[in-house]
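Below you'll find the structures, each written out as structure tokens.
Paired with chain B in one complex and with chain C in the other, chain A is shared by the two complexes that follow.
Take a look at the complex of A and B:
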């Protein structure tokens, strides 16, 4: 595989991990968050600074990023998740901007707007693939157990959900923390997939791109979110769109989706093992029938 | 030993105000365990507010509510549901993002003893409990006559079936006290008859206490063992249907004299 293709796939995989977090939060639970990029920044800087300042290996930096993200997420979530969803969205935007500015301000430690140099680009495609698959299984388990049902119930009717026995705040907080972990892990991987990170890498339109992907693929469909994540990360890369065009294209996608397919490209459809088995079996039977006929 | 005669619900001098509106005014209710009872009264009398107070949607400004001799005033709706009270809504509130089956399963699995972490890791225990819940769901769907509709989206159900689904969902959280807010509203006479049979059957089969709101006198008279009559936020009469029907206060409230 060419090194260009490998690197495109690595960045796509990393983006998909962040998409999973956004799918849980915004897709299933209905919590629009502009803060995912803040957790990516935390994960990236924890891993990068852990290495450049303290010589910590990637795995330890990744874990430190997760712990910091959980603590920060706990504080942010506790303060904002009791607010109405609109205010929560605003507050998460503020949070990601604060993170970015903190990184710029404490420049003697973080390198400020110059960023952090000298990170070994040691993340490989198999590692990203394995972590993505673990994330995918976690997200799928979330969706098919009571966690997914509770999320959808909350998204649909918070009061009825509470009356049916869900501790709405606690559930939202748990989902927020889980999505923070996904963001943080994606960030750590991102840092170790390049030699260099800087605060502007974690601009708020990175959160927007995650939102667009989940919205486009279908807020109810994990299959849709992942497919949209693949398409919308790979296509601009393959077609060599500049970053300046990306926002225009995203806006276009949102408008077209809202008009023609408000439930997202995939609606509620999920690919399932059984469906695939049936499909293969039918095909087998058809070809067997052809053979006989 | 099960105390048939025990009081399962105490509503003591409860008052609720919305701005200047006194929706419930010093109301008292003592509901015996095992009863199939009703609250009646004209529109705006405060019946739904009473349910909102009992289920924790609102906290009363005065008075106390006790369930199984435990104060529940100020507890949140989810805590109260876990203590054993469940309800339906006057204006149906099903979860449109979930199909019929999952609407009921959501309520049933709220008591499933697996944690967030166990669920996302997909431990065997989780799938075992999910399978157990699945059979409960079938039971409750069957109880209200909704077997065969599992995959349907609630918004595509006929109105009468939506009402039944709400009852199944409420039952799935395994309440000891079930609150039904105008379960017959919007149904045609045949559907009302059928619903009455279902409610009677549920009451006997599950051995639970049921308190329902209705303003159709005929339905209430035929299935309720005890009634409370509300008017302008106050409880103006209480007793068995026959005596309530002859109560001068009640006649006045209903005939508006």
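Take a look at the complex of A and C:
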């Protein structure tokens, strides 16, 4: 496999891990958040500074990133999850802006807007693939168990969910923290895949991309989110779009999707082993019937 | 000298506040009716700034004709955005968060489209005013900001007249309490929404022209709507009077922090203040001052 293709696949995989977190938070639970990039930044800087300042290996940096993200997420989540819709979205936007400004402000430690150099590119495609698959299994299991149903209940009617005995705030906080871990892991991987990170890597555009992918695939479909993530990360790369036109196309896609098919491309459809078996079996029967006829 | 410096900072703060106020009122007006934060307001401001630039340079006209074109252009643009982007979702009775997402997407779309078409460069208005600043007793008073303050006051006065003395104003106020009942009573809700968007867009057109004159024209000009959002929240959700007062408070606060502590912490403080208000005083400044909160139905 050419090294270009490998690196494209690595970045796609990292993006998909972040998409999984966004799917849990926004797709299933209905919490539109611009804070995911904040957790990506925390993960990236924890891993990168852990290596460049203290010589810690990637695995330890990744874990430190997760711990910091959980602690920060606990504080931010407790404060912001009491807010509704737009206000939650904008408060989380404020959070990611604050993280960016903190990284720029404490330049003696974080390198400021110059960023952090000299990170070894030790992230390989198999590692990203394995972490993505683990994340996928966690997300899928979350969706099909009681946790996922609680999320859907909260998304559809918060009051009704509360009346049914779901601890809405606690559940939201758990999902927020879980998605923060996904974001942080994606950030750590990103740092060790790019050699170099700077605060502006984690800006508003990256948040928008994640939101576009989840809405485009369909907020109810994990299959949709992953497919949309693959398509929207790979296509611009293959077609060599400039950054501006890429964002023009992304935002155009989301406007058209929201107006004409607000449930997203895939609606509620999920790919499953049993469906595929059924399809093959039916095809077998059909061809057998055709043979008889 | 120290006193002079402080006075200068207060003047700067008030001019910044007048910018925020004009944006915040247009923003709060749509919020009070459709109950969502309309971030496409920023792109109307940005496009109006380009429109005014093009018009004043091509036809070589002064401030007033340009202002008129910006008002009409901004209003029309806002109505077009409503018809294309928001009406289909309203008709399907989609969740409010969809309107919010579409408004952000539209604003990003127009911003990147302008960047892709014209490049990220700055365009400069030819001087539409005779003097750019007055110097009085060691103080600098920017004329553009003064004009903006004047335009804000006049625009708000006209807005109040329309809201309280005309039939369409009564319809708008009725719609801000409830969209469904006025419809039953025979009010054409689509028309009311369109008029609201036109007024909001016209205010955005005024802001766009003056912002373009004081800050030059570039695709990210509409980003200032974030400050208007903060001001609207602090002012009390959808309260016009609260939004105006909060805009000036925010302008003063930001100028003081930038002058005496440092520019890096300014956005953090603004967001922190907003979150504190949301958590502990969701009725905002309007609630603190005893203006009834929520809709446009209260007096300034």
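Please note the rule applied: the second predicted complex is superposed on the first by the 282 of 293 C-alpha atoms of A that agree within 3 Å, B and C clash if a C-alpha of one lies under 4 Å from a C-alpha of the other, contacts with A are read in each partner's own complex, and residues count from 1 in each chain.
Everything below uses one rule, namely that contacts are C-beta pairs under 8 Å (C-beta built on N, C-alpha and C of every residue); 3 or more make two chains touch, one makes a residue touch a chain.
Treat the numbers as computed from the prediction; the structure is a model and nothing was measured.
Looking at the shared chain after the overlay, A:145 reaches chain B, while chain C stays out of its contact range. Of the two partner chains placed around the shared chain by superposition, chain C is the only one that A:32 touches, whereas chain B remains out of contact. Contacts of A:129 after superposition: neither chain B nor chain C is touched. Counting the residues of chain A that each partner touches, chain B and chain C differ, and the larger count belongs to C. When both complexes are overlaid on chain A, the residue A:161 reaches chain B alone and has no touch with chain C. In the superposition on chain A, A:63 makes contact with neither chain B nor chain C.
Taken together, the chain B residues at the contact with chain A in this complex read 55-57, 76-78, 81-82, 86-87, 89, 93-98, 102, 105-107, 109-112, 114, 116, 119-122, 126, 130, 169-170, 173. For chain C in complex with chain A, the residues that touch the partner chain are 36-37, 84-85, 88-89, 92, 94, 96-98, 100-102, 104-106, 108-109, 112-113, 115-116, 229, 233, 264-265, 267-268, 271-272, 274-275, 278-279. Against chain B, in their complex, chain A makes its touches with residues 137-138, 141-142, 145-147, 149-150, 152-153, 155-157, 159-168, 174, 178, 220. Residues 30, 32, 79-80, 82-83, 85-87, 89-91, 94, 97-98, 101, 104-105, 208, 211-212, 215, 242, 244-245, 247-248, 251-252, 254-255, 258-260, 262 of chain A touch chain C in their complex.
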